[in-house]
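The chains carry the letters A, B, C and D, assigned in the order they are written, with residues numbered from 1 in each.
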Amino acid sequence: MAAQKRIGILTSGGDCAGLNAAIRAVVHHAIGTYGWEVIGIQEATHGLMHRPPKSTRLDIEGIDQLLLQGGTILGTTNKGNPFAFPMAGGTFQDRSAEIIAGYHELKLDALVGIGGDGSLAILRRIANQGNLNLVAIPKTIDNDVGATELSIGFDTATNIATEALDRLHFTAASHSRVMVLEVMGRDAGHIALSAGIAGGADIILIPEIPYNLDNVAEKIRQRQAQGKKFCLVMVSEAVRTELGDQVTQISQQGEDRYGGIGKYIAEQIATRTGAESRVTVLGHIQRGGIPSPADRLLGTVFGVAAVNLIAEEKYDHMVAWKNREVVSVPIAEAIKTYRNVDLHGTLIKTARGMGICLGDDY
Amino acid sequence: MAAQKRIGILTSGGDCAGLNAAIRAVVHHAIGTYGWEVIGIQEATHGLMHRPPKSTRLDIEGIDQLLLQGGTILGTTNKGNPFAFPMAGGTFQDRSAEIIAGYHELKLDALVGIGGDGSLAILRRIANQGNLNLVAIPKTIDNDVGATELSIGFDTATNIATEALDRLHFTAASHSRVMVLEVMGRDAGHIALSAGIAGGADIILIPEIPYNLDNVAEKIRQRQAQGKKFCLVMVSEAVRTELGDQVTQISQQGEDRYGGIGKYIAEQIATRTGAESRVTVLGHIQRGGIPSPADRLLGTVFGVAAVNLIAEEKYDHMVAWKNREVVSVPIAEAIKTYRNVDLHGTLIKTARGMGICLGDDY
Amino acid sequence: MAAQKRIGILTSGGDCAGLNAAIRAVVHHAIGTYGWEVIGIQEATHGLMHRPPKSTRLDIEGIDQLLLQGGTILGTTNKGNPFAFPMAGGTFQDRSAEIIAGYHELKLDALVGIGGDGSLAILRRIANQGNLNLVAIPKTIDNDVGATELSIGFDTATNIATEALDRLHFTAASHSRVMVLEVMGRDAGHIALSAGIAGGADIILIPEIPYNLDNVAEKIRQRQAQGKKFCLVMVSEAVRTELGDQVTQISQQGEDRYGGIGKYIAEQIATRTGAESRVTVLGHIQRGGIPSPADRLLGTVFGVAAVNLIAEEKYDHMVAWKNREVVSVPIAEAIKTYRNVDLHGTLIKTARGMGICLGDDY
Amino acid sequence: MAAQKRIGILTSGGDCAGLNAAIRAVVHHAIGTYGWEVIGIQEATHGLMHRPPKSTRLDIEGIDQLLLQGGTILGTTNKGNPFAFPMAGGTFQDRSAEIIAGYHELKLDALVGIGGDGSLAILRRIANQGNLNLVAIPKTIDNDVGATELSIGFDTATNIATEALDRLHFTAASHSRVMVLEVMGRDAGHIALSAGIAGGADIILIPEIPYNLDNVAEKIRQRQAQGKKFCLVMVSEAVRTELGDQVTQISQQGEDRYGGIGKYIAEQIATRTGAESRVTVLGHIQRGGIPSPADRLLGTVFGVAAVNLIAEEKYDHMVAWKNREVVSVPIAEAIKTYRNVDLHGTLIKTARGMGICLGDDY
């Protein structure tokens, strides 16, 4: 039996489905198996800046209904990078010391940090600076954390994007329209590619493959020539033209960026092909939602494994999913290896095999 | 047994879930019970303008999988009012005679027209002019056809809007945000009101009640004062301010109108309350979707009843749902009685009882 | 503003989806609008027999997540009729006085009882005996409470039964099998009939229409003759043969009865037609489930209306749904008018119009 | 470009979700990319025994709606092993030569066989005997084909089992009952284990771990002692007691086996703990269902890859999923390595970490 511990847990970055399953598993395993204490920290590192830290003791009683609940009961924020935190008056301040102090004020022996690659990089820098005992759990609907095959939230987001495409399929076919669906994916096109194939898209545009509107228009004309009057186009929010300039108006402020590119492409299609086109921006609906069984399973697996890392005092590591087993990797390695869509990988080959246009000259 | 007949069927106006159930029922009952012929007319009245008319013979074999299929297998268009049809060169032409000719060219004894109040008014005018035998089935996600408690498509659209609100609920709570969801409802707020109550919205704005942003902001501040950091706002696409001017930029071109009002309200909320706000426009996703059991049941009931009206040669009537039974009403009456949300009805009282802000000074 | 009150609420009989929406609405409206106190009574009348009564004070904070939660947070039991309650030693005892004493011990001014016709009859008898102020909300997946078009739980149960039929449809078609689905419906066949039509059943057997296996077998042979190799059969748990004897082995112990009839019919079909047949008993899955938007809306409407009845001191009444509005009816009248499937009603006519075999000689 | 070919495709063994996605992908890639012909063979090898073979030419037009359709449009049967096929009169006959003749009669250059390990072993034996060009795609809801991380159908079946557990959770909690859910898994407990963890089961019994009812009863008593009045028990259909005798009454006739073990365990629990218990047998509902996005994606990936194997004339191989990429393995190897639940693997450790009772003395 591992020594008695008092551990903290926080969720950082954008919310997604399956976070609560991970929180539930950490609480269950830490308390039920090891008899430790678990402190839930609210609003990510922001909760540790606060005096006293915003936190609540978690127990097994309170977590029974969590599996079906999307988002995170701990809350999260994106108020800014703690090393350059925006203050009143437009200045920026390094507030990492306050976070470290919060960790000590809560008398934590270790911290479970759940986040994407950006959040985990920041958490690791803070932990290194303060000698905090950190273990990490990867979450991101974009599934772009390279050291793990799967991150929490990707499966549910892909399901929601596929279902949206299914719905647009019916109305596109009824009205003989080109339907453009814009989904999340700031740097990687995993959601667009997976959901696009699963939902039968005719055209899929992802950030990894600069698109040429001539190819897009040509695909639509080909379908028209075959008597197929409608077309489904899946677009990642951050796709780029072949010319290399980024069409998307990505705002500096993070998530305000949803808008723009899908509309632009729908209009260009209408202009170039004469087809009636419409755009739908899926937006925040992708984050929420009742977690899929796969995300609940992954969250539970990761939560138990993270507690085991703490029991072994194997800090500075992240849990990861590989070949249907959980493993651990140094956080340093995990945040170094960003995963884009592999342009020579199975899904790209599958898309091309299905005759899906990826926007390039292939 | 009714006399042998050859009947046509068309779907007009925007597509929705449950149309195929109605088509399936018409085919099953007309052929299986009466031994008639059924001709599916493509692309609404536009298919009848064409020479030869765009049509296909429907049989029972081909309709087995239709219950689960959204949209309409017959297709639909909104290319314009047949009495003032937009022609090349920017002119308009009365093409009703071509539609009447198409009906006769197909040697139809009767026509089942499925549409909303606008489409049914046009169909009736054509039928009257040409002495065509028309029976009607009401469909509209807005549920604003007054002569029937329910129209095909409303239940599924409300389910989708509620599910979207459920998803936003999770992410709103995680990020302490105000989430604005803009749903369809050009003149009536039934979707927003039903889905808003079912999904636990804090604020619901509908076209029937001009809103005042001061009331909206006050509700959000009240919640903030109670420690509730997030807020769910459901908005019909065509809401109006108290001042009477319509903020929505409703385009002349039909469905391009989706955009604008939800974003405007989200921005105003942020400005007035300091809350972080986001908007999601549900758009065309509301139309598509696998039909709900209730829409499949209603479509089947209406399809059987419409065939029975033809068997009785009770033309110029629309099937309607009243008190859990199907009835028939003169189309003339049906298109006269538009149904808005009843401001003294149960749902408004329920919303107020739940403390939901409706944007007025109540 | 109504006088200050302290009201109790309990859920009685089998659980279903939407009960928590009603509880949430009662709490919201009673506390938020009127400033009353709400006491949740656990395990139906059994909680009032206990000393002290099993109860908990409900407040608005605790009910935020209730809309998506199936079942009832108050719990329910079917330990027996309080007027003849089974005691140790196999005797029965009238324990109604204890329930009345529990009501007074909790210092209640009124009680909201949520139940089906059986539960409401018992609650009313207790209320009359003790001069308690009772208002009632109807719930039953069977939808057999006559005074209301809809009761809480029916829509979700019908959705689940339809979805099960959809799933069996695919596997039936793949394997050329007859698939029998047995659903709940102790006295009324509403679930089987609605879900059967919505899900495309070929044969629907309900308690209201004694079935003859010759007709069932004939329908299957007809389909075989038309080259249709599979068949979907929907069966209510309590169907009867034409001979009048009840084949179902309904146990004395309440819900143990699920089993028997579906299997019997599947075997008889195999014997008589040579078809490969399988049975699925849907069972308790029908009760649970995330409440449908319609059940959440109905639960909310009923909860608000029940509180209004108390504010008006209009006791001994039940809220009911009629023609898309909430009304109230004397409980005495509500429990008197049981609603079976109307043999001359729309759904039966629709089923016959679709060529669905109902087991009779029609 | 590969040489012109005429390929056959058949689905063998029990149906599942995602088969049609694989068929659609084979058709799309073979015709759209390579310009081949594709012949759909009906009812598995049985269709090839028939004279003429039961088959239909497949083209791209006919497969548009297949992604959402469960089961297999080609049909399947389990009429018996072709090498010992049950004939009239109770005798058995080797009919493999007829199948080989059918392949030649259809002038096939290659055959895509979709099946589980049993079906694939038989197909390979036939292919070897007749020098047929076979490539294989693994499907099985049990996910027990060892050479691939995932087989078609597992994800959807797990989703359905998890959803059933979610539904039982609500009603179990409302009634303070022990709910036993019996799911498929003839030899491997993957569905029960994955769905049990994802759905929050308290007890999971799988074929790989012989159970002891004393441990099961003890777990329930522990929960009762902690005031937890309900319990969720997930049971694979083929679990065994510690004593080694198989309690399940597995019938010789294949799928009639669903029944028995869940009921037995529910009764034993009631007897040993005094708890009120109920059983639900999920049955055929697990096979059907609208395919999950993951099964649609996997089916599409496998279909494209199988066609590529034929283009490379890499016969006698099966496509497989490994580390998020598609690979190929010799069929001989694939059918040799059966995959049970790894008793030292991640999911078992996760279950134990969550305090889930697995029926053993651990």
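Everything below uses one rule, namely that a contact is a pair of C-beta atoms (placed from the backbone, for glycine too) under 8 Å apart; a residue touches a chain by one contact, two chains touch by 3 or more.
Because the structure is predicted, anything quoted here is derived from the model rather than measured.
Q: For the interfaces B-D and A-D, which has the higher count of C-beta pairs in contact?
A: Here the pair linked by more C-beta pairs in contact is A-D.
Q: Between copies chain A and chain B, are the contact residues mostly the same numbers or mostly different, with half as the line?
A: Homomeric contact, same residues on both sides for the most part.
Q: Of all chains present, which has the mean Cα position farthest from that of chain A?
A: Using the mean of the C-alpha atoms as each chain's centre, the farthest one from chain A is C.
Q: What whole-number Å value describes the gap between the mean CA coordinates of chain B and chain D?
A: The mean C-alpha positions of chain B and chain D differ by 41 Å.
Q: Could you grab the centroid distance between chain A and chain B? Build each centroid from C-alpha atoms only and quote it in angstrom.
A: Result: the chain centres lie 35 Å from each other.
Q: What is the distance in Å between the mean C-alpha positions of chain A and chain D?
A: The separation of the two C-alpha centroids amounts to 31 Å.
Q: Please list all residues of chain D that touch 2 or more other chains.
A: 68-69, 166, 290
Q: Which of the residues in chain A end up touching chain D in this complex?
A: Against chain D, chain A makes touches at 25, 28-29, 32-33, 64, 67-68, 149, 155, 158-159, 162-163, 166, 194-195, 197-200, 292-294, 296-297, 300-301, 304-305, 307-308, 322-326, 345-347, 349-350, 353-355.
Q: Considering the complex alone, what residue numbers of chain C touch chain A?
A: Interface residues on chain C, with respect to chain A: 65, 68-69, 290.
Q: Inside the complex, what are the residues of chain D that reach chain C?
A: Touch list, chain D to chain C: 11, 14-15, 17, 19, 43, 69-72, 75-78, 160, 164, 166-171, 173-176, 179, 255, 278-281, 283-285, 287-290.
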